[in-house]
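Just below sit the structures, each encoded as structure tokens.
Both of the next two complexes hold chain A, though its partner changes from chain B to chain C.
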Partner chain A sequence: MRDLQPSLNQTQRVRLQSALRQLHSLPSSSSSSPLSSVAVADPIQVNHDDNILKGHGTLDCDGEVVATLCGVVERVNKLVYVRALRARYKPEVGDIIVGRVIEIAPKRWRLEINFSQVAVLMLSSMNLPDGIQRRRTAVDELNMRSIFEENDVICAEVRGFQHDGSLHLQARSQKYGKLERGQLLTVPAYLVKRRKQHFHHLEQYGVDLIIGCNGFIWVGEHVEAGENVGMLVEDQKKTSTAEEESWSFTPLETRKHICRIANAVRLLSALGFTLTVEAIVDTAEASLASNIEINDMLGAEFFVQTAEREVQRRASMVRKKG
Partner chain B sequence: MATTPMTYSPSQGAERRQKQQQMRRMSQELDWKRSDGRSFHQCRPACLQTGATNAASGSAYAEFGATKVIVSVFGPRESKKAMMYSDIGRLNCNVSFTTFATPIRGQGSDNKEYSAMLHKALEGAVILESFPKTTVDVFALVLESGGGDLPVIISCASLALADAGIMMYDLVSSVSVSCFGKNIVIDPTAEEEACQDGSLMIACMPARNEVTQLTLTGQWSTAKTNEAMELCMDACSKLASIMRSCLKKSANLSS
Partner chain C sequence: MVGLSEGERRFIRGGIAQDLRSDGRRRLQYCPISVQTGVIPQANGSARVRLGATDVIATIKAELGKPSLLQPDKGKVSIHVDCSPTAAPMFEGRGGEELSSELSLALERCLLGGKSGAGAAIDLSSLIVLDGKVCWDLYIDGLVISSDGNLLDTLAAAIKVALSNTGIPKVNIVYDGSPDDQPEVDVSDEEFLQFDTSGVPVVITLTKVGKHYIVDATAEEESQMSSAVSVSVNRNGQICGLIKRGGTGLDPSVILDMISVAKHVSKELISMLDSEIAAAEASDDES
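Our next item is the complex of A and B:
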């Protein structure tokens, strides 16, 4: 709750506190055991009889398991590890990420993706705009800036780690590539869970939503896959100015939708709720249903309402199970 | 001094010197009153808070009496290209003072000595193996220097490191004591520091009972050193529990 702290009045504060207390008492969907938070060097309670595995953020000290991070203790069968709340993103192969180009180096782009190192996207591990499979020539290398420039936002996939620990990305599909006309939001990486689908086209809004595993979330105008490529080729043919204008223009309605979705993401991340497409759309719908202006979505009243709605959602889930 | 220097600002040097001499005379006696009414073995009230700055990956603010410090931690981020490959991470510490930190204006600058001491105090506690090839930058800014700056900086920096989610063996807490004649005074203020006979600073990891740094200046007898160290270690472990509760509080807020 760092970036967003709406000033609550007395009743709102009471409501928020009771909502948060209820959330604590309800079992969260991900784990069944009660959550325990630890600070650095706090001992972690373990049963030494069933030989446990010490995971990330733990250390053996005089026969006791102690934490080396601040966060929440997670237990998966025998594995005990600490999930840090404010740590950087830890990539896994196959993750879909959103990143920003910070540098163009020989044959590669360097991307900031909230990892401890910059990620590398090789020229050879992405599709060329003309879509032809061939060897990358020196000319391609010189034209790298025509594909991505510094500060462009890009969507890509984690390809793997090199032996020296550096991270390589790939963008070998139409769906990856430059993202334009939208907003990039950064949230803590732990709020994004790995799922089957990270690309979402919200048809009712005409908005694309890309939930990057690294906590970078893209909300932008919907682009048909492959349309981008067509435009690039056309660009080279020097299209007429009218067509260019229609390409660069985003209708006001869509802009409003983008802002509404973006504010829903901001709100959920401020409350510390997991960011799923369902939760985001749900929040946006709720704001529409109760006639809340886009700028008021970050205000105190809707902040509390969202917390209360989450309580109801979880309570109903528990009831269904039980 | 033969002539008084003609400066634009009114010089308070004479006044301050007089005050200091008075203080020194007083401190030679066995029993005297500290300016803020504390007893000799009583620390200043500590106010700690994480998340002081938004842009950093971790940050902390500490206020011990008049001493106010902000520490921001950036990283782990990729080391500069010129640096060689290394299996372990790098810790880069920098301590600076604001221009208005001390009564004498305009002395704000990087403090090389403090930077080196901060680095030495922290490097033993951070698990550098956990971030190879990368650097963690620790920037400490002293907003107001009210005595015992370095211990406050060290404690605050370890809090900021923990806030940034950097793996550590334990939190580092640090306390200093001053020696006045026969007395040992904990957590000295700036004016007490100005006329002390000797000082001792300990930075330690209380949960593991390990000392990461110890600085001793001035004249000390062995018995007194022992007494002072025990006093420091005890205060360190108490400070660490305050730091721990501060971290817990911020964790509960965000989850």
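Our next item is the complex of A and C:
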């Protein structure tokens, strides 16, 4: 995870600090019930008559239930636990994730997904290149490398957990599969919240944006769902000379948009703001509107301007609600 | 270093061919540079330079020593680079030693000139206290904290800035006995000698990917390189050192072209570093 730390001059530092202070003072508009945030050794309010189950992040200290993490208290029936805000990625069934193949094992691929364990994608959970539904034979197993190789970037969905805690993925739909023609960005996983949609096709830019719940974000040229993965691999092997490769490069206009969106993601993750499509597209549009060069988006001035813009946006939202 | 898929590699190569890299930079554009001086107060001079995600610290320590018999009128300088395991997992244990020795050797060639000390960036005669008896030994150490490509350029820039921050204490010779004895010296705490770093060269590394050269490559772009040429240029546009890395052979005309591109880029980098040094000195004077 590369951290962006622009060198700010004195006025910019003052502006940034005041913007961050204002963001802290604005009331949180997302939740309906008040969030009870606790720090380490804060007591947690419990009704001592019920048999409360003390979950993760809590400790029974002299009859008092005390928090051992800094986070938010969650209550589910009789279970009370503390959910840390900056936790590692915690997968749930149905999460869309982006991962990188690190190993090919018998009948499965092992993927790195920014989790404590390696995720597994079974050969049977993957559509075959010819699209026919059939039993996987030994020949299919030998040809696994023609579908996904080592270091390939893949988009998949969490199918479930094994008894030892490792993750199983599936990539049966056409929208899942190998991702090419773009760049992969890594952000802290807690900045990505679960939403209804994680695949975004930004039409005005011609760019595909896939926000993986594990913090891997793919920004790339738009590819129609259903383009055959197997055929693409054969094409690559043929176009080995430089001239043939040059006409298969991404066109410059699309590349500019990809770079702008990627820089918007880097900027928002450096500021610690939640990554939503609206925020990313807003930042990219603001940079286009103020005619900033693409690489200047990572500079000090735009950094501070983005923080100030976020303050204004949240202030106007609070005003609308109140 | 995480591996890259074939699709990502093509994207990077396409970006370099179209003059628009992954973070929007042009081919010959540097990342934003951030410079801090005096980060290690115990050293005579120190600097921390951040070039994009690459972060290095350079320190200069001066100790009194005896000059070598072959050059009794010159001080001694030695450069050593250490790649910290916090920079990359492969630097753990002895993994970073090969890279460290390669970087140290490259920097010595660029900054220390020939065997007699001619052409060195630092005037070695200014380090002498008493001919043949006492001289200053400068130990220049570089520490790589975060590695994202382009280590040589960043280390050379850090050494240049650290030299500008260095103060060598003035030495008064108290008693000069017989020619064989070591004289007694009094190292003053108050007065300091500063170096003039306008003559110190910078290193520009040009990485060749496909048919084009880029400056300030990230680690991903460096994984795609066919070869890289590091040119050390001083403010007069003279070449102080030249290193070629990478397995692919280069045509001599390509090397000449890369040298002229490096000369052109060096003007911008030298002026950027000089202004950062001046700004750091100004803020030091204020505080």
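In the analysis below, the second predicted complex is superposed on the first by the 244 of 322 C-alpha atoms of A that agree within 3 Å, B and C clash if a C-alpha of one lies under 4 Å from a C-alpha of the other, contacts with A are read in each partner's own complex, and residues count from 1 in each chain.
The rule we apply is simple: a contact is a pair of C-beta atoms (placed from the backbone, for glycine too) under 8 Å apart; a residue touches a chain by one contact, two chains touch by 3 or more.
None of the values given here were measured: they were computed from a predicted structure.
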Examine A:132 and indicate which partner it touches, taking first as chain B and second as chain C; both and neither are also allowed. neither
State whether chain B or chain C is in contact with more residues of chain A in the superposed arrangement. C
If we overlay the two complexes on their shared chain A, which of chain B and chain C does A:86 touch? Say first, second, both or neither. first
Could you say whether A:182 touches chain B, chain C, both of them, or neither, answering first, second, both or neither? second
Quick check for you: in the superposed arrangement, does A:250 touch first (chain B), second (chain C), both or neither? second
Please indicate which partner A:165 is in contact with in the superposed arrangement: first for chain B, second for chain C, both, or neither. first
Just to be sure I read the superposition right, which of the two partners does A:142 touch: chain B = first, chain C = second, or both, or neither? neither
Name the contact category of A:117: first (chain B only), second (chain C only), both, or neither. first
Between chain B (first) and chain C (second), which, if any, makes contact with A:152: first, second, both or neither? second
Taking the superposition on A as described, I'd like to know which of chain B and chain C A:266 touches: first, second, both or neither. second
List the residues of chain A that touch chain B in one complex and chain C in the other. 2-3
Quick one: in the complex, what on chain B touches chain A? 51, 54, 57-58, 75-78, 85, 127, 130-134, 162-171, 205, 207-208, 244, 247-248, 251-255
Tell me, which parts of chain C touch chain A in their complex? 2-8, 10-11, 13-15, 17-18, 20-26, 29, 32, 34, 50, 53, 148, 210-211
Residue ranges of chain A touching chain C (in the complex, touch as defined): 2-3, 5-7, 100, 149-153, 178-184, 220, 236, 242, 245-246, 248-250, 252, 255-256, 259-260, 262-263, 266, 293-300
Where on chain A is chain B touching in the complex? 1-3, 35, 37, 39-42, 57, 59, 61, 66, 68-72, 84-88, 116-118, 164-166, 272
